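What follows are several structures.
The two complexes that follow have chain A in common; it is paired with chain B in the first and with chain C in the second.
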Partner chain A sequence: MSSLKPFSKLPGLNTANILLVESEEQFQQSLADALVEETSVTVNVRLAKSLPLPLENEESRPRIDLVVFIINLTSELSFQSADASLKYLDPGYFLGKVCFLVTNARNASVPTERLDTVRKLAASLHCPLLFAEDQTPDGVTNATERLLTILKVAAGLVPLATALYLSNLTQCTVPLDIDQPSFD
Partner chain B sequence: MAAKQNASGSAESDQSSLAEQQTSRSFNRSVRVAEKERRKTEAEDPFVPALKYFSDVEAGTPLHGNDEFERNLVLVEKVAYARGLSPEAISIMLEFAMSLRMGTSPCVRILKCLIPATVVPQEAVVRAVVWLGVGKIPISTQILFIKWVLTVFDMIDSKEQLRAVYGFIFSFVTEENLCPFICHLLYLLTRKESVRVFRVRKLLELQSKLGRQPFLLHLLSLYKVFCPELVTLSISSRMRSGFRNHNSPWKSSLIAVQKRNGSLLASSDSLPLTIKDKPNSRKRKYGHLELPVLNSLVNKQAQAESPFSRKLVPLVQLSSFTQLLENIHRIELPAQMGSLLGSSLALQYLDCVQDESALLRLNFWLGYALHEEFLFCGDGRASQNSEEALQFLDKLLSTQHFLQEAFSSSEAFLYKFLSVWDGSLLRPQILSLLSNIPVVPSSQIGRLLFEPLMQLFFTSSLFFKCGLMECLNNMLLKWLTWHSVYALEDDLDISLNSHTSINMTLSGFKDSVMELVHFVGRLASVGLQLEGSHSLLLSFILDFYETVCDTFLKYGLPLVVMPPPGVFYPALFSPDPISVDRLAFIMYRYKVNLTSAKSQEKVTEQAFHISRQTFREFNNYVVIMVNCLWNSKMFHPGMGVQLGEELLLKSNVPQYSTSFDLVHHPAFLSYAVDFHLRCWPGRKDVDLDSIKHSKPWSWYLEYLYSQGYDGLKQFVPAL
Partner chain C sequence: MEDSTRRVLQRLIRRIPTPQLKTTLEKWSGMTVAQRGSMDYTQTKWALTEKLLSLCEENDWTTKHITELEMIYVIDNPNQGMWHGFQLLDPEDDAHSVELTQFKEQFKSHLGELVRHVSVKIKKHTDEAVWIRIAWGDSFSRPNHLKPTYVVHHLQTPYVFVTGLTSKQKPLLSQALVLSTRHHTIKDANLSGRKLTAIRDLLMKQYQQVFPTNFPSPLAEKNETVSNPKIEREQAGPGAHRHQMACEAFGDGMLPQLQSAVYKLETKFKDHTNRTMTERDEPFKCIVKFESTNLLESLRYCAASGIASTPVTPLLSSIPLKGRNYFVITDNGPGPSSQMHQSQN
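Take a look at the complex of A and B:
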């Protein structure tokens, strides 16, 4: 079992590499298409269904700057797969180079416990948790922009900011029960 | 009617409802006439005999192998899903289903296809409710029926008779499985007269048995609004909003039918107060976000018959403000509170009467609508009706602007929505709604607002950052305005929102404002750092500080918070002269505020105390600005920015200490060159240092002022 390491390879000049992990392979592709449109830096997108990544491409694979787990909240499997993949990441990644992207969070068929579980997972790993609207073109564009914002920092392309610094600001927190704020 | 309220036996109420059916038929004649027109065209339709079959079929007819039944039912279903059923068809089918003439099995199937095309006749509903009492219908079917009533509630043509059997409906709350749905129905039907001691007692008894169930609490909270003396229970003002009785299958069919009919029907009536002219008001219960049309639920004839009831004037009959004033003591609120949002007269009424129950109902409706449409969407619905969502939120916003305050349900919704927001969906509307929220207590503000906003801010684009800055600026402006309006002079308590029960002390309010200003300071410092001091973002941040620097003089709030260095220095060293000028203006306003606060402190002795730290920070900033822009002592020891001597020498910048004075500052360099050319037109080589001599220097300042740099113009003489 090999784990993905954040600093085992040298970075490319003005290049950022992102790995999108999604068990259902639905949102991945449209996101990847939008991500490579970025012109200010060269963005390489790698897609995976789950981790670990196969050994045979190990050599040619560039250094991965950001690992994104896409979780579709309507499917329990999607979460389980992401959860199982986490252990194939080097602990160094959790210093700001992992983020979770959740889709379908506003869907009526999602049990509230599942969102809470994802939140708890992201919070325990100190990772940011983003929400995305994968159904609309605007939603995809926006999700792309947000991932690029994080990716640029994680790849060291933003002066004065590091991945750890940003993740410290954006990491997920587990909210207490918002339903009944005790105002009175 | 009084007799009927106590009716428990089915026979008695059956009879009376039959009698009512007869009388109320005439009330709905206009509806019938319209229907007759349609019926003519459907004369040859096989649908008519199908209905006749269901109205005439004998009790006990076997169901198995009954092809005739099957054929007719399929026909009805087809019509129902395509066009919806006419009021008569609803009556016939409902009567057939609930009477169990052919057993329980067709009942569910028929209930599922009862999709009204226009209205649901109330006598049909009353009859069906009566059938519930017979007690042969399986409990799951009873639930289905109540759910159906809830779904089509707004389409029931009048609710008077349903209200009359309030007691009868109430008797079903003891049925544990039915209770949540019955409570919801009762919530919609309750009027002041319906609140009785024995009912309150019953509900409390149930609560002790079932626990603090939200449906019971909701009903009790409504009872409490009507009769506070009867319900002593303390109920949190911000409960989980809404009964969660989602009726998806009906809703989606209803949307389909309504949409189809909506395009076919021409507008026939246009009320001056309504926002929509469409005759078939689409209501939110069917997953629609269009506001319902203001309808009257008072039946005129029924009213004439009962001289006991106070004469009520429905809002829909009023067309001018004068009429509103004349009738303000006897306004009948519409059945659908959502329709109030569309009518300016109704809003005026709400605003001046401060009717708690109306606001509670409106909040309930709104909370329900917002939750269902934005937090519990069906598949793909979000993309489907985004246009409607947009209009709905715009309407809500204009209402809030009109009332100049937010609804507590929209506030509760926002907190939840922020935690699952992607940052782009309906961004302008969400940010505007957010800027309207009333003051959040400082103990809650971090968790409710700052945490989700911080995550969104730092992961989103520059434009989102600017948008959020603007939103927070508006929020602060509103809070300060509320303060200046509601603060009572002698005692420092302020009641911020007349409609909610949050009363805040001045120090509590100050804490919240301070939290907000510090939070924006943090966002701004780090945001500028991440975005490379982008001048657009800087401009929005300076907007915010233009509000902050004037809190004392403009809004009478004894609070002065200085900007953090992360905002001050990027503005001071900005390559864009406008930012520097605005910073000068802001510092000037700080100075005016601080001096007036200080003088007031001396006069009144007790007023308040601005910490020495604030004065120290201000003085420090001013010294830095003056040293930097005038005295060319950029890197002198004791300044905010310090660099080692060797390092500065290494940089090979000649005269580094002058590099940010008004002549050499990157923002003003072009002005200096232009001034030089005008001042000494003959000179071949440009020597900017010659501007520093006292005479040309004052000319140069005059020249800068003439270019519109009013901030500098005010800042410089004030020193």
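Take a look at the complex of A and C:
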């Protein structure tokens, strides 16, 4: 059982590599198609259903600069799968090279506790939590732009910025009264 | 003209949606070309009905003509009402040589012996199916044409599809069918659905099936869409394997549009935290029903995407394998370690 390590390989010139983890394998495809359109840097996308990644791809896999866990809030399974995958990541990744992307958060059928659980998870790992709309092309474009911003920093392509510095600014925080009943 | 004929015609016209009315009437031989031309289909349904009733008066149509019109409509639009599948068992030696005229005569005479007042109409459809319309009466009343039973049988196959049959008429129809198709018994195939085409395709296995193979298809790379070299799937192998397993269980391509599957559980309640329920002697009865616009497609997707585990559990894969969508599940034997199994019914 090998865990994925952030610095075990050399980086490529002007290249950023992103790993999208989604148990449903729906949104990741459209997101990947949009991500590789980026022209200023070469973006390589790896898609996975869950971690750990298969050993036989170890050789061909480039250095992964950013790991994105896509969580569909309407499905409990999606969250559980992401949660179970986290332990196959090297702790080094949590210094700014992991982020969570939540979809379907506005769906009425989502229990409110589930979003709180995801929020707590992201906060406990000091990771940013992004929200995305996966049904519309605009939503995909937006999510792509946000991910590219983080990815470029995480890959070290932005002068004077590091992943750790950015994640200090963007990490998810849990409001203090999250467990309190609201009065609305 | 009799009043009952008018009622049957009125009821029939009400059932047929206006867009289908034209095509249905054109296939029917009851009207002359001039009469067909005089119909104005932009009129309201009520006006059309009045017009047809006056034509009925004029042409002196009998119930026979009207039932023919009804058959034309039902054959063209079979996906209405609940269709049930039946299977004929133990064929006699000459069962495979039954042909249409012989079947027609035999069926009519056998049914006529069982029920005095019955009206049977048999029509052969282009796709080799024999359509039978039965209007039932009993010894005191004349055949009721408002609630007919439709039977579809493909000659030389053991399958029969029935809609609109009551439990009282079931033994009569079974006996007539068994005798005229030269079989010994008939049993319920435990398959029912709103779409006749779907349950027919499922029972007769008329869909693209995938068989287990050790070698991946040599044309596999052809089917793949041209993907970007920058995008790579880490778990492409297991994904393709899951897809293959799902296709082996449910078939490839377009699947029959089955809309529901029912599992009747009569098993022991097993939960260590709930002693009162676990220690009960009688089985815990409940019904699990799956519904979808295309159930098999949904199940295949569940298996292919990893939501349901592969290899597919026999509980789900026996829907296409055995061609049924009603199962009774009982415990295999006494004792808490017994496995669930499907009863053979």
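Quick notes
By our rule, the second predicted complex is superposed on the first by the 175 of 184 C-alpha atoms of A that agree within 3 Å, B and C clash if a C-alpha of one lies under 4 Å from a C-alpha of the other, contacts with A are read in each partner's own complex, and residues count from 1 in each chain.
Throughout what follows, a contact is a pair of C-beta atoms (placed from the backbone, for glycine too) under 8 Å apart; a residue touches a chain by one contact, two chains touch by 3 or more.
The shown structure was predicted, so the numbers you read here are calculated from the model rather than taken from an experiment.
Once the two complexes are overlaid through chain A, chain B and chain C fit side by side, free of any clash as defined at the top of the document. By the touch criterion stated above, A:E58 is placed in contact with neither chain B nor chain C.
With both structures placed on the common chain, the touch criterion links A:L77 to chain C but leaves chain B unconnected. If you count the residues of chain A touched by chain B and by chain C, you find the higher number for B. Of the two partner chains, neither chain B nor chain C is touched by A:D116. After overlaying the two complexes on the shared chain, residue contacts for A:E24 are found with chain C alone; chain B is out of touch.
Legend: residue contacts after superposition of the two complexes on their common chain; A:T170 is shown touching chain B, with no touch to chain C. Superposing the two structures on chain A brings chain B to within 5 Å of chain C, judged by their nearest Cα atoms. Within the complex formed with chain A, the residues of chain C that make contact are 228, 230-235, 237-239, 305-307. Of all residues in chain A, those touching chain C in their complex are 19, 23-25, 32-33, 36, 42-50, 53-54, 57, 60-61, 77. The touching residues of chain B, counted against chain A in their complex, run 236-240, 246, 248, 374-380, 382-383, 386, 415-416, 419-425, 441, 444, 447-448, 451, 454-455, 458-461, 501-502, 526, 529-530, 532. Chain A makes touch with chain B in their complex at residues 105-109, 115, 128-133, 135-136, 138-139, 141-143, 145-146, 149-150, 153, 158-161, 166, 169-173, 175-176, 178-184.
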